[in-house]
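Consider the two complexes below, in which chain A is the common component and chain B and chain C are the respective partners.
Up next is the complex of A and B:
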């Protein structure tokens, strides 16, 4: 190249590449509440479609926030017998059950040394508000073993303030390993069928080995038990996003 | 089955029944049938005609209607006669009405006396020799016979049974679905016969029903969903007590 002066042209660095991470951003924060996914069965899909319409209708009027098993929630319900006509309960979500309109979640707390579990229906009209005080996941999907754990792991302050959270962050996984009360427990949690990772088993080695006798290693290879929900979830997500934007 | 909530916050379980291609097939007059009232033959769900014999094709050819899986009779007064070939819709029923639902119960096959009739059986231990689920004695000494109709093991289920007095909570006119209170005999997706209730308490419950039936001519524009007055609709805010 020939420059005007005869000197070599001044080096101009190329423009810095601007990386717009669109793909990863979009895939991240798409949460589908588990009660929308229809169970495997021979029911007519029309029934699930109609149920979903009702659920979307309820969600438009009343906000059901995103939460997981292990997050701390505060629920206010209408009660005809209370003085203020409403009751507020704070607790950790132990399990989420049911599909469709009958979806439920169980909150657990220890109040005045008494463990209390209340099962609420997500779509019940009696629920006036659901606030997520602490949004986090745990190592298991079912925390029913908290009944046999030391009470300190199930106590939550009733007047707890909501923990602030950034919108785009990933949901933190609390890798807490819970210490249990001495045996007997309500269920034999050390057995492989429960597949619990969130307990710090202080049992002797031979007992842990003996519990492995009930393991069923062929279950993970059983093809008839496979239920691939990815395509169903995609369709339902599309439907939800379309309907909620209206 | 689905939950449904009332305005006072109570939950009821509800069964969804879909009205799938129902047509009136034939009118049988009182004298012809030999009964007390005239009858209307109504057919349900469409099915391919190739699996049925030619003799079964007649009724459907006359009415000009595809082959139906099930044909039932309804006893009908003379002023409620409908022309054969008219389609029947879910809007024939209205919320707040009471209804009887008949269907074939789930077949359980050959069952023993404990499951079929609810007998108590015998204890599991304390010396019982090979007798834990048997009926025990079947008659007395004086009778010297076994009475006709004695409860014994046999084929259970797969017979027609009716649930009476079920309330209709909601009707979806777009998809022809009736929401009926409580449970209904039969397995999922089985064929079911829905009739106005014959119980004396619900004789005069139905005020201004679509008579003789709901004709989708376009005269009456019904909303997509018809609700009972007491139902909590999801468009309303949450229930509060005062």
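Up next is the complex of A and C:
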């Protein structure tokens, strides 16, 4: 570079920083709550559309965070019979059921050696706050087998601090294999109908083989049971993103 | 053998006594069983009084927790819990460690003494 004679070199501004906008990438893979997906049936889609409008109205006023079965939540509800008119319950989400406004989730915790489960309705006006203390997934969609597992797997500290989580797209999957109490259990979890991967079965080999007698390997190929939700999900996602931006 | 299916409390259900009374905590070769439910239907839910047979004696008790799922937002316990009571409503024990549902507070008049000895509420 040749400097000009006698004068200081011309001021070169520093190169502009390249800003990679990650927001557009995030919106592509957003989480869609399972209660928005309508069940398979012959009801008029207008009914689900109206319900979704009500659900979006509620979500605008009250924030329902993203959570999965297996994450630890703390829920504060309004109760006229509690001190300070509100009560807080911490627990692990065992199952999420129901579609539309009646969507529920069950939280389980063991307090003073007593297992307690509470079924909350997501869109109930009595709920004042939902906090996700630990966001993670487990190997199964339904953790009802925790009732027959050793109580240490369902105990969570009531004053647990929320686990800090960076705004990544990956949700950690906890591959914990739970140890069970001795049989009898409330349901025969070793049977292939439940398809549970999160239990460490310490049963003898012949019992595990005998349980496979009830397997129905033709079920996964049954075409009448297929329900492809990808297109419905995309439509609902578009609808949601439009309505929530208003 | 343990019956898993029937969840609300009726005649001949085995219950778990939850307070720290001597009658409820001393071991006996037979578990405490319900012999009568003071209800129009014979099915007892949380907040109902029942008659219990413990250690060869009859004693009244109050149901504080049941395995059967109730209305949403109410807790469901893993065992049928019961607190021993006198005929006039006074509890026999002095402390209840296990959590008790808030819905019992609705009937503060009848159960005030039981609620006074309870430590945790759910």
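Here are a few things to note about the model shown:
FYI, the second predicted complex is superposed on the first by the 216 of 246 C-alpha atoms of A that agree within 3 Å, B and C clash if a C-alpha of one lies under 4 Å from a C-alpha of the other, contacts with A are read in each partner's own complex, and residues count from 1 in each chain.
Rule of thumb we're sticking to: a residue touches a chain if its C-beta (ideal position, glycine included) is under 8 Å from a C-beta of that chain, and two chains touch if they have at least 3 such contacts.
Everything numeric here is computed off the predicted structure, so don't read it as measured data.
Once the two complexes are laid over each other on the shared chain, residue contacts for A:43 go to chain B alone; chain C is not touched. Contacts of A:101 after superposition: chain B is touched, whereas chain C is not reached. By the document's definition of touching, of the two partners only chain C reaches A:112; chain B does not. Once chain A of one complex is fitted onto chain A of the other, the partner contacts of A:184 are limited to chain C, with no touch recorded for chain B. Applying the stated contact rule after C-alpha superposition, one finds that A:79 touches each of chain B and chain C. Of the two partner chains placed by superposition, chain B and chain C are both touched by A:124. By the touch criterion defined above, A:61 lies against chain B but remains apart from chain C after alignment on the C-alpha atoms of chain A.
Judged by the document's definition of touching, chain A residues 79, 121, 124, 126 lie at the interface with chain B and also at the interface with chain C.
Chain B meets chain A in the complex at residues 2-3, 5, 9, 11, 16, 18, 172, 175, 177, 188-189, 232, 234-242.
The part of chain C that touches chain A in the complex is made up of residues 1-2, 4, 65, 69, 72-79, 81, 97-99, 102-103, 105-106, 120-122. Within the complex formed with chain C, the residues of chain A that make contact are 77, 79, 81-82, 87, 89, 104, 111-121, 124, 126, 147, 184, 186.
For chain A in complex with chain B, the residues that touch the partner chain are 41-44, 46-47, 50-51, 54, 57-58, 61-62, 78-80, 85-86, 100-102, 121, 123-128.
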